[in-house]
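These notes open a run of structures that come right after.
In what follows, subunit A forms one complex with subunit B and a second complex with subunit C.
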Partner chain A sequence: MYGFYFDQTLCNGCKACQIACKDKHDNPIGVNWRRVVEYTGGSWQVDGETARPNVFSYYTSMACNHCEDPICVTVCPTTAMTKREDGTVYVDQSKCVGCRYCEWACPYSAPQFNAQTGHMSKCDLCYDYRQTGQDPACVDACPARALDWGPIEELRAKYGDQNAFEPLPDPSITRPNLVIKPHRDAQPFGHGTGFIANRQEI
Partner chain B sequence: MGVGFLEQDLRRRSFLKWSSAVAGSGALVGAALSFTGIPGVGSQKVAAAGDGMADADRTVWSACVVNCGSRCPIRLQIKDGTVARVLPDNTGDDTLFNRQIRACVRGRNMRQRIYSPDRIKAPLKRREGTERGDGQWDEISWDEAFDLFAEKLKYTIDTYGNEAIFKVYGSGVWNAHLGTSGGWGRLFNLLGGYLGYYSNYSYSQIGTITRFHYGNPDEQISNSFEDSIKHGRMLVLWGNNPQETRMSGGGLVFTSLEAAKTDGLKIVVVDPRHSDSVSLLADEWIAPRPGTDAALVAGLVHHLVSNNLHDQEFLDKYCIGFDEEHMPPGVPANASYRSYIEGKGPDGIEKTPEWASRITGVPTQVIKNFAFELAATKPVNIAQGWGPQRHANGENQARAIYLLSNVLGQVGIPGGGTGGREGYHWPLTQWFPDGENKVPVTISNFGWTDAIDRGPELTATKDGIRGADRLNVGIKFMLEYGGNMLASQHAENLKTREILRDQSKCEFICVVDNQFTGSAELADLVLPDTTTAERWDLAPSEYTGDMAYLIMCEKAIEPLYDSRPAYEMVTEISKRFGVQQEFTEGRDLEGWARYLHEEFNRKAVPGMPSFDEMKSVGVYRYVNPEGTTVALKSFRDDPAANPLATPSGKIEIFSAELYEMSQKWEFPGGDKGDRVTPLPEYVATWEGAEEAREPNAKYPIQLIGHHYKARTHSTYGNLTNLQEAHPQMVWLNHLDAADRGIADGDTVELFNDRGRVQIKAKVTPRIMPGVASLPQGAWMKVDAAGVDHGGSVNVLSRLHPAPVSKGNCQHTNLVQIKKV
Partner chain C sequence: MNVAELPMILFTVIAQMCVGAFLVLGVVQTAGSLRFSAKAIDQVADPALLAIGPAMIFGLAVSMFHMHDVTHTFNVIRHVGSSWLSREILFGTGFAALGFLFAVVQLLKWGHPRLRQGLAVLTALVGLGLVYSMSMVYYSLVTVPAWHSWFVPLQFFATAIILGSLAIGTALVVTTLVHARQVARGLSAPDADSGRKVSLRERFTTHADPAVRDEVEALLAVSVRGIVITAFVAAAVLLVAIPLYLGGLTAVGGVALQSVEVYAGGLFVARLGLLALGAGLLAVFTYFIAAKPRENLGRLVVVLTTSFVLVFVAEVLGRALFYESMFRVGV
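Here is the complex of A and B:
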């Protein structure tokens, strides 16, 4: 089972990962298999002429998490959405009718409708690159080295097994193959005091 | 149903589902948990030497050459004569001095830039009978274009002299060894020279004022981040935001993160905005109002001196002007910095932390604690960025931050610093030779609109004309090569546009670019340049710390449409003046690249591969042979043997030269803050923090314009992938937004007497109350009513220079904001 690792302590939200993915897969505007969400919170204590901040912000870069329980596969009426033997989830373009059930079901909105093809599209963890011994494009793109990938057991052994942080969905829904190193201000899932600060971008 | 609808739907869905997070906040961070139990420091994985797509015909090295201060290699995969994919650097590793130079979001989008629908396809001439900016063009042949350029150039020289020729600032082709010149300066120099400019839009104030403080005719660098990592205990990023302004993964994004990972190195960020450097690097964030940094320094120094925590020994030995015992001859009593902070100077005000608190907005206790921390945590590298100096009082802001490192005695020691920007190993490789400019007169980088509008009125002591007492004629022939100054990167865009539209002033404007910019719209002649992918070049590193490098830029594809590299244009024009041989010396572009590399680069850098080897090597790294950069070390070690280039040979906290200028320079406009001060004192200015807070202020919001990830200045600003990733929005504090009934995502209007901008609001606690930021560099889109919908901050910035540098003050603006 393969998965991704993401380090919130390194990501400045530049989105080189998103663009590297878009460049490789020729995805049009509106289709981003990898996106970056900004989570921000806190406020200012204004006292007369002075103002003191108590503010936090951090980014999370997110693609398909190739889940243990991929709800997109479960709901697909045409069996187009499939798990490969290596655990990665892909959509067979010849079977997909573009009904978008998977998109509505996935808590991460990982499957995305490509209006140019009329089919769903999604991250396949750069299957072609992996076949030739290369890393997924997003992993090698990150200027901060915030991304890694590999067999999920190895990632968990190396980086731990945490992934329940705001503003991500409840990991119990699909059991994502994802490991996150939290930002010092990261808030545990269900206990967030912040908000998604870049709604337009995701 | 179009893509737009689907796209919108998709986004809404994503937002609704991602967690229970709701817009709006209020809870304090104090409740946030801190996670410390995770081992590891991020991915140590070295990228596999990936070859990208399986069926590429070939893969060649190229680079992103824009003015971000870094420079990144990219590998272009070619299929059937077109660039089919962009790959990252696959050399180097994740170690501090051999780091892989991973391009940021912009360089990775190079393919969209190369094939942008905005590419200029053929030479364009403004249609006879129309005005500049009317948008009516005739395609002409290259021969017609060269003839027209040569005719206008000859006419200008014959009629007005060489001083009337000007090549305006532009940084869309930045720091490439060949491309940055394009050959234009060399041509003008062969024909007798041209009006030059001093300084630049990035750091005009600090680059001008530093010679009075440290004797350096440019900025004075500090120690490098690498040096802080090795030797420092504290790093202060003062108005310095490497995570957003220096985004290369081989440069300061990497080294500043390494600094953040370093145990025992505390990082403090001073910035009115909660930048990504604050969120990733800072152990502590201090937020002063824009333009009040010199007041913050005065309050800090007051507290240091009051508690005897200043380095008197250093000040006595290495500086003049700190106290009355160390003043240059012939100046009045009580003119020292110590007298200034103790209230013994002309203003009679003691610069206590309480005084500084009222001006800066930083609570008194925060100032006092910061002072104690600075004194207790040495060595400390105070590394200022270029934000503080891009103000109407920017010269003093920059000098004040230098001064703080002087008071702490941190200059020239490992782990310390000068208060300047973080140091670097400057590339040793060679730029295209432009030759000698025989016109001695220069104006400031920012002075060209004045030089067009009222050239002969400009003088040395009033307008900063150098090399002569005044200008003779002003600018009559202007070239913009790879830049967007004419439309939106200068200031007060609408007024600038009116100056340029008057054809009786600047009589000929030529714009050379590979994208049809707003500046091209204002030209008489537009010439289509290629991108770097379509020509030969060599690109050096820039401000990338103690690791320098050189990147091979191979011609990857044939020029698109009817575009040509600038060098080939200039070669054709040089023929028309009979100086082709002198211009080319018999070389084409590849010939020059090969010549410069073999003759200079290989001799300057040990181990440098040959030109042909570089085609496969791609990137060659080399490090500072002296180790990490410790700026002004020789001065610190032996100030008698290695004096500074100031009149006293020491650091001049009080500058006798500035004192003399304060008597002689003229400011006929009488704008608040337009004066020269011999000390780095706080000066309240026009449209500053104090004016914003006056009761019933017409324009109560201080507007700054931070550098944005989507663009380098305006370069890449027209590309949809980047607009999607980083849409243009104005950052507005949630308290100010609530006062105005503005919600996140609402369209708002920012306005002042100079213009109106309508753009969406990003309502966030990540910016100080009373301050807004409209990221600089957006392409202006003005409607018939004169309202800009592109979000160009320079619609609102003022065409008025700083007092000494005569440079741009783009963070000094007051506006009002309302919901549309």
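Here is the complex of A and C:
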């Protein structure tokens, strides 16, 4: 079972991962298998006559988490959404009917509609690169080395097993193969006080 | 209004109306057979059956616009063991096929009546399966709080009952009006016992026999009254359920609050108003004038048609808001 690791403490939101992915897979405008989400919030601390801002902002780079319980695979009517032997989830282009039901279901926005093919498309953890011993494009592109990938057991042994942070969904829904090293201001799932500041970019 | 989802809006509303209409027609026929002759029942009920088929085929055809690669269409039933969408499509095509078969054997009076009845029961059960699986397509998305709710099956079944009843009510009075005009023009069906072969067209012309006509009138009064009571009760349940549903969503919080906001504008008010007017006020009026269907036939046609059209628009608006309220958890 392969998965991703992401270090929120290193990411500065440059989106090199997103562009490397788009370039590698030659995806059209609007199709972004990896996206960088900016989560922002804050409050005022009033101390006598002085009001001090107390703000935070952190980034989460998100692609497909190749979940243990992928809701996209469960709901797909055609069986085009397929889990490989290695646990990664991909779209069988010979079966997909382009109904976009998986797009409604996935809480990570991983399956995306490609209007050029009329089919769904998504991150396959760079299957072809992996066959030749290379890393996925996003992992190698990150200048801060905030991304890593590998067998999820190894990632968990190396980096821990946390992944329940805002603005990500409750991990119990799909059990994502994802490990996150939280930013110092990261808010645990269900206790978020901020908002996604770059909706139009993701 | 959510134009992008128009195919789904029309498909769900029309398919639910067809299932409801089939069920209501079944009740009219079954309950009617206790008190009335087969001749009277067939005369009132058979023509309505003809309207369901084209509506269902139209609904299924529109739903095809939701696919972007029709060459892969037959793949959509592959995942029936897991996907409610596959199940919905199986039940949908099953209902249309069985309904078509039943309409053919019923209108041509092929086979034993018991056999036809069995086929009707099977079709009705598949229809119920269709409405249920349709609601589960949305309910099973645990990532969309506005859809993962008890309200979705309730709303879909309510639409089926309200629109189905009013559609059949309208069809019954319109058919009777057409018959009355045919009688006025001197057209009448030959007596079935005369041994002469009866053409399909003649099957739909009325019986000049005054006894049958009185029976048809009594059957019409009972059916229309039952139909408007059913629509009234189902609409009342829906109108009580909507605030409970929105209250529940507010309690869930998070993205569910964005869904609640959708149910605040003028379209929502129009949806509630049209439902209350069509299935409430006009239904009450219909109930009273249905006591004397022969004298009030013209009025019944106008009022029931208006009521049906208003409620159809109300349900389409309601379904548009339902798709508009799609807000998913996560990123």
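By definition in this document, the second predicted complex is superposed on the first by the 193 of 202 C-alpha atoms of A that agree within 3 Å, B and C clash if a C-alpha of one lies under 4 Å from a C-alpha of the other, contacts with A are read in each partner's own complex, and residues count from 1 in each chain.
Definition applied: contacts are C-beta pairs under 8 Å (C-beta built on N, C-alpha and C of every residue); 3 or more make two chains touch, one makes a residue touch a chain.
Keep in mind it's a predicted model, so treat the numbers as computed, not measured.
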Touched partner set for A:N12, first subunit B, second subunit C, both or neither: first
Winner by number of subunit A residues touched, once subunit B and subunit C are compared: B
First, second, both or neither for A:Y2, with subunit B first and subunit C second: neither
Which superposed partner A:S109 touches (first subunit B, second subunit C, both, neither): both
Subunit B versus subunit C as contact partner of A:C76, first or second or both or neither: second
Partner chain(s) touched by A:P167 [first = subunit B, second = subunit C, both, neither]: both
Which of subunit B and subunit C A:D128 touches, first, second, both or neither: first
Contacts of A:K24 with subunit B and subunit C, given as first, second, both or neither: first
First (subunit B), second (subunit C), both or neither touched by A:R184: first
Subunit B versus subunit C as contact partner of A:G41, first or second or both or neither: first
On subunit A, the residue positions that both subunit B and subunit C contact, one per complex: 35, 37, 104, 107-109, 113, 115, 167-169, 196, 202
Sites on subunit A touched by subunit B in the complex: 5, 7, 9-16, 18-20, 22-24, 28-30, 32, 35, 37, 39-44, 46-47, 49-58, 103-104, 107-109, 112-113, 115, 128-129, 132-135, 139-148, 158-160, 162, 166-169, 181-202
Residue ranges of subunit C in contact with subunit A within the complex: 66-70, 72-73, 75-79, 82-86, 89, 137, 140-144, 326, 328-331
Subunit A to subunit C touching residues, read off their complex: 35, 37, 60, 62, 71, 73-80, 94-101, 104-109, 113, 115, 117-119, 167-170, 173, 196, 202
Parts of subunit B lying in touch with subunit A, wherever the complex brings them together: 2-3, 6-7, 10-11, 13-15, 17-35, 37-40, 42-45, 47-48, 50-54, 85-86, 88, 90, 94, 102-105, 108-109, 111-112, 243-244, 247-250, 253-254, 257, 260, 274, 276-277, 279-280, 285, 287, 357-358, 361-364, 366, 693, 709, 720-722, 724-727, 729, 733-735, 744-745, 760, 762, 764-766, 768-770
